[in-house]
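Per-chain residue numbering starts at 1, and chain names A, B, C and D are given in the order in which the chains are listed.
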Amino acid sequence: MSEPATDGTEAATGAEQDFLKVSDLHAGYGQARVLQGLDFSVARGEVCAILGPNGAGKTTTLRVLSGMVRGRGSVTLNGTELLGRSPEQAARLGVAHVPEGRGTFNDLTVEENLRIGAHLRTGPRRRGRAERAAVVADLERIYDYFPKLRRRSRQAAGSLSGGEQQMLAVGRALMLRPSLLLLDEPSLGLAPLVTRELFEIVRAVNEEERTTVVVVEQNAQLALDIAHRAHVLEAGRLVLSGPAARIREDGQVAEVYLGVSVLSRKAGGAP
Amino acid sequence: MSTTTASLGTDRVRWLRPTLTVLVAAAVAVGAPFYFAPFQVFQLTMVLLYAVALSGLNLLTGFGGQISLGHGAFFAAGAYTAAVMLDRYDTGHLATLPAAAAGCFLLGLGFGVPALRLRGLYLALVTLSFAVFLPPLLKRLEPVTGGSMGLTVDKLQPPAWSGLAEDQWMYFVVLAVTAVALLLARNLLRSRAGRALLAVRDNESAAEVMGVRLSLHKTLAFAWSAMFAGVAGCLYTWVIGFVSPDSFSFVLSITLLAGLVVGGLGSLYGPLLGAAFVMYVPSVSQDVSEAAPGVVFGLLIITVMFVAPTGLAGLPGRVLGAVARRPPRTTAARDRTPEAESAPGAEPEYQALSGPSETHAPADPAVVDAEPVGAPPRTEKE
Amino acid sequence: MTDLLQQVVEGLGSGAVYASLALALVLIHRFTGIVNFAQGELAMLSTYVAWQLVASGMPYWLALPATLAVSFVGGMLLERIVIRPVQGAPELTVVIVTVGLFIFVNALAGLIWSFTVKDFPQPFPDGGLDLSGVRMDWSTLGIIGVVAVVMGLLYLLFQHTSIGLVMRAVACNPASARLSGIRVGRVLMFGWGLAATVGAVSGVLVAPVLFLEPNMMGGVLIYAFAAATLGGFDSPVGAVVGGLFVGVAETLTGAYVDVIGADLKVGVPLVIILAVLLVRPQGLFGRAAVERA
Amino acid sequence: MRKTTALRAAAAATAALLTATACGSQRGQDAQDTAAGGACKGQQTTGITDKTIKLGGIYPLSGPASAYGTISKGVAAYFSHVNDKGGIDGRKVEFVVRDDGYQPPKAVEEARRLVEQEKVFAVFQTLGTPSTAAVWDYLNKQKVPQPFVATGASAWGTGDQHPWTIGWQPNYVAEARVYAKYLKDARPKAEVAVLYQNDDFGKDLLGGFKKAVAGSGVKVVAEESYEVTDPSVSAQMASLARSKADVLLDVTTPKFGSQALAADAKNTKWNPLHIVNNVASSAAVLEPVGFKNVQGVVSATYFKDPADPQWAADPEMKAYKDALHEYAPDADPDNQFNAYGWAVASSLHQALDAMKCPTREGLRDAVRSLKDVKVGMLLPGVTMSTGHGDAFPLETMRLMRFKGERWQLFGKPVDTRKEFGPTAK
């Protein structure tokens, strides 16, 4: 639909430009090295897509950012080092991660899921009436973004459809009022129409709340539609970086680096 | 042996080394009863016997992913089959082994059918209540089983031509049965059925899609596993010469499972280590503290699990791995990418048992309790 | 008829005992996904703490809260020291650690307090209620009442407090809980503390009936498992209903079905569990895993 | 991958063997049993010298029956006490205790260890019927005395296949006969309800009782069993109450004894004469129930209950309490099992003194030819006697009734041999 606004990022100052800065990042599982010296930055308020073939290290990158996987090197968010922190600490620093496979709390109702998202703001020790009111307001805000969730607010999350669960997962992450939102394969297993709807909401959130978003997608076309900037990974290394528009338009680049495996899976279609 | 270890790498050595180690192991195993005192030979015999039961349990739990807390019952069934045959029908020892094996196989088959519908914990508890139920049942069947007084039967006696003492003869017989049983377990796993079993454990629905006949293989796994336990029970009767219902309380079942986990689930030789653990550690415990051996034994179980969460069999690998690899370390569950998923038939040693709570994120204490970070961050709005 | 009712009452009495421990089992399972074999022994240990306090002259009603507090802290420490190091290891490893703990605690209690039966004070009055020939002891009524109250409190805690919500979230999906900023480790500690406290209530309730000695809870554990399985391993209500049902069923069959008799009545829970699970694998009150791909 | 598996298998086997080596000697060193000279020529002197005698005992120090493990403390305290006074006939006793966790295979292992590695003179006490039955074939084949096993099953004295094994305490059949005689005399028309433990102990006692009352007016009208693994016997007690029997024979072990006594006390509508068997008759069992609730309960005994104040001034009891205080300070002197250990150890002392030859054969013969041997810890009037065709040292018991805060003996010692003839299987 509309073109992503790239003008904001162009004008950003140095600190704003390096809101999230990843330098020389190494990570892996056991003896398998997945990330081998990754460098990139994401500017504040930007939507950044991370693309690449299966096994390139996209998911691992997000996991390192949210503390689920340990890494070596450096990752700073607004100047604060993220490496060496646990997921709960990363969350406290404003990192909200919607993991692959959604990660909703299936036994909890939709509304309880969202309240858990606001855990850090209410917590076991309640932080006063004002904060609670703010949470209620945020609930309304999420329901405004995702009207389907409002209708199912008393229903168990496990009984929702895949698309609704994904929306719930994003909604829960937003309840944290994150400064950095990490989305891992949001389109996985969703119908094309639902995926598009979801991405539109992400774009709206980004525009209205100035939340910085890093999205990992196999469906490059979709991701590039909402992203300002894109990074292409291959075998744990950055092979291509640039404004999303340019990457999308540069057919040759896409063919060389993204390959058939990426672009052919457009909109969930078969190769 | 040291020379072979020194020069690794060539194909010839790759084959030479296992052959040599097997030969050395065989020589040690055969030589042992001539070296050790009779009661130590008896201890080794018991280790072998428990190893048979444990490798059966391993088929089910380690490879099949089904937890049984009732294997003591199959063990008892095998032991009683042998004892009753010897006591009532005077069949001779040899005849009892196939009978016990076949009987327990059928019993396991019967159990395998309802077990199909039960997962993880529930299966464990149903089998546990079976194990609890068996001793009173044996007491009730007094005319056959001898009731609570149990049955005393003849132990295995060495034939005159062997020139061996009783303990040595028993050791060799049990060694032979154990060797066959372990080989059988190994081959079962490499067969089509075994690979199907592994596929089922790792991903049930995927295996089903692949056309694996899930129910058949799971039921068979139960049957094979019960058969191994029954064979071990039969050997037990041969060696101890006495069975009584209270010898086979549910504690035995729990001990078997504990032995397996301590030895190493899903490892081919974990059962041997586990059997040695349940055999020797209680004695060691009472050497440490005569007042309360249980305190020491309990602590030792916990300690082993701390040091080697995947069992003693996994310990060398863990130690080597820890030396070889430095961080990056993962604190998350295994990668879900298809490449990371183990192919059926792959070496299953480091596979975690798939259970209902597979999704639990391992909480690293060091990470979890790092210093708390202040107030929750807010997104600036402009 | 009076005889039958009397047996039902006896069954309820045993059932209440099973239910009380089943509650603690269910708690732990719900929050950590593991079966804690040591739960009964921990309850027994708590009871000894209470006994020791009373024996050293502390009034019962003071010793009781002190014991609950000690148990809560003890449960939390246990999670931190014994369970945390194997968190993330295969599930069975954790289960076997609790088996080790069972053996350890049992032997420890024997070492400290010996195996001689101890007299534990009864909080409920002697005697009982006589309902046209059927006698119900105050202690039976008391146990059922306290178990019901504990169950109600747990329900309120889970469904209507924020810590309860957080606990359920952790139970459901610990990875996502951490990503939401929940300190999963602390929540698990709290869960173990809570289970130990419920276990302590169970121990203190049943000790006057079963008589306190280190093996007091060993026999109860099997029936508590049966109760929890029957009720559904994640439902406190199920644990209580399951416990009472198992108690009544085994008592009645033991008393009236001659083929089974008192010796084989332990087979009754086996049959019940098997039957229930084949028809309804999640137990009577358990929630079926609701999931859509 | 295959090669590592094989390698590790070998390593595992080696490790297991090394473990074994670490705690043991080599084969071949065993076959040097010593033999005595003189009149005792050719007899075995393993484990005994002029200065020492080595005994081994197997008890459940861990596991479900650990309550009985404390017997070993009473035994050990006695031997330490005797050693301090110069030993038995100048020989210091070395007493090796092993734990079998009440598991027969473990008992076999430990018996073999005691005989082959520790080279004990005799296996003095194996505890429990299963463990004893599991090892007695082995010990008899090895010709190792197994005196005074800690179980009252009637099997130990009825066959002639096992001359090296002998019981000590009144066997359960003999005990049942004491109660049967009492009922036949005191309540010839009694209807009896029986609560019994579903194992050899309960079955033996119940069977003996039924046989002893056969043909008399005393009838067993209800019986209920329980398993040791049961949490409680309350359901069984409710069933028994339905029988409205006027006697309750309570064949239980301590914890269940307390439960049954409490259940009986609570049920105000059923007030049978409560006969509690000796195992559960300790004051330690009755006290938790409340003394006011156990008035009039009847039992039978043969050794002095340390918790009973009437023996407070008894010299043997004093010696026992002092010795326990000195050598086993963590053991509770009021626990009857400690006193049992003391009594059985001093009985063995007498038997050792009576040996004609200081050999295993000497001990075997000595325990089978006891003539009215008095032992300090046994009740007055209760003595040990064995002889040809009689392998039960103790078959006399005395009845007692609980009154106030103590047991009161009543009636004369009941010698069941005289009343009923030899115990038959």
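Going forward, contacts are C-beta pairs under 8 Å (C-beta built on N, C-alpha and C of every residue); 3 or more make two chains touch, one makes a residue touch a chain.
Computed from a predicted model, the values in this text were never measured in an experiment.
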- Item | Any chain that touches chain D and chain C | B
- Query: What's the chain with its C-alpha centre farthest out from chain C?
  - Reply: A
- Item | A-C against B-D, pair bridged by the larger set of C-beta contacts | B-D
- In whole angstrom, the CA-centroid distance of chain A from chain B equals 45
- Chain centre separation (chain B, chain D; CA means) in Å: 36
- Taking each chain's centre as the mean of its CA atoms, how far is chain A from chain D in angstrom? 73
- Residues of chain C touching 2+ other chains? 103, 107, 110, 173, 175, 178, 181, 183-184, 222, 263, 266
- Message: Please output the residue numbers of chain B that touch at least 2 other chains, ranges allowed.
- Response: 132, 136, 139, 250, 291-294, 297, 332, 361, 364, 368, 376
- Message: Counting only residues that touch at least two other chains, what does the list for chain A look like?
- Response: 67-68, 86-88, 92, 120, 176
- Task: Over in the complex, which chain C residues touch chain A? Could you list them?
- Result: 162-163, 165-166, 168-169, 171-173, 175-184, 287, 289-293
- Note on the structure: Per the touch rule above, chain D residues touching chain C in the complex are 62, 64, 66-67, 69-70, 198, 224-227, 229-232, 234-236, 238-239, 241-242, 254-255, 258-259, 262, 266-267, 269, 284-285, 287-290, 331-332, 335
- Query: What residues on chain B touch chain C, complex-wise?
  - Reply: 61, 67, 114, 117-122, 124-126, 128-130, 132-133, 136-137, 139-140, 250, 254, 257-258, 261-262, 265, 291-295, 297-302, 305-306, 309-311, 332-333, 352-353, 355-365, 368-369, 376
- Message: Per the contact definition, I'd like the list of chain C residues that touch chain B in the complex.
- Response: 29, 32-35, 37, 82, 84-93, 95-97, 99-108, 110-111, 173-175, 178, 181, 183-186, 188, 222, 225-226, 229, 233, 263-264, 266-267, 269-270, 273-274, 277-278, 281
- Residue ranges of chain B in contact with chain D within the complex: 14-15, 17-18, 21-22, 24-25, 28-29, 32-44, 46-47, 132, 135-136, 139, 147-150, 152, 155, 236, 240-242, 244, 246-247, 249-251, 268-269, 272-273, 276, 280, 282-283, 285-286, 290-294, 297, 313, 316, 346-347
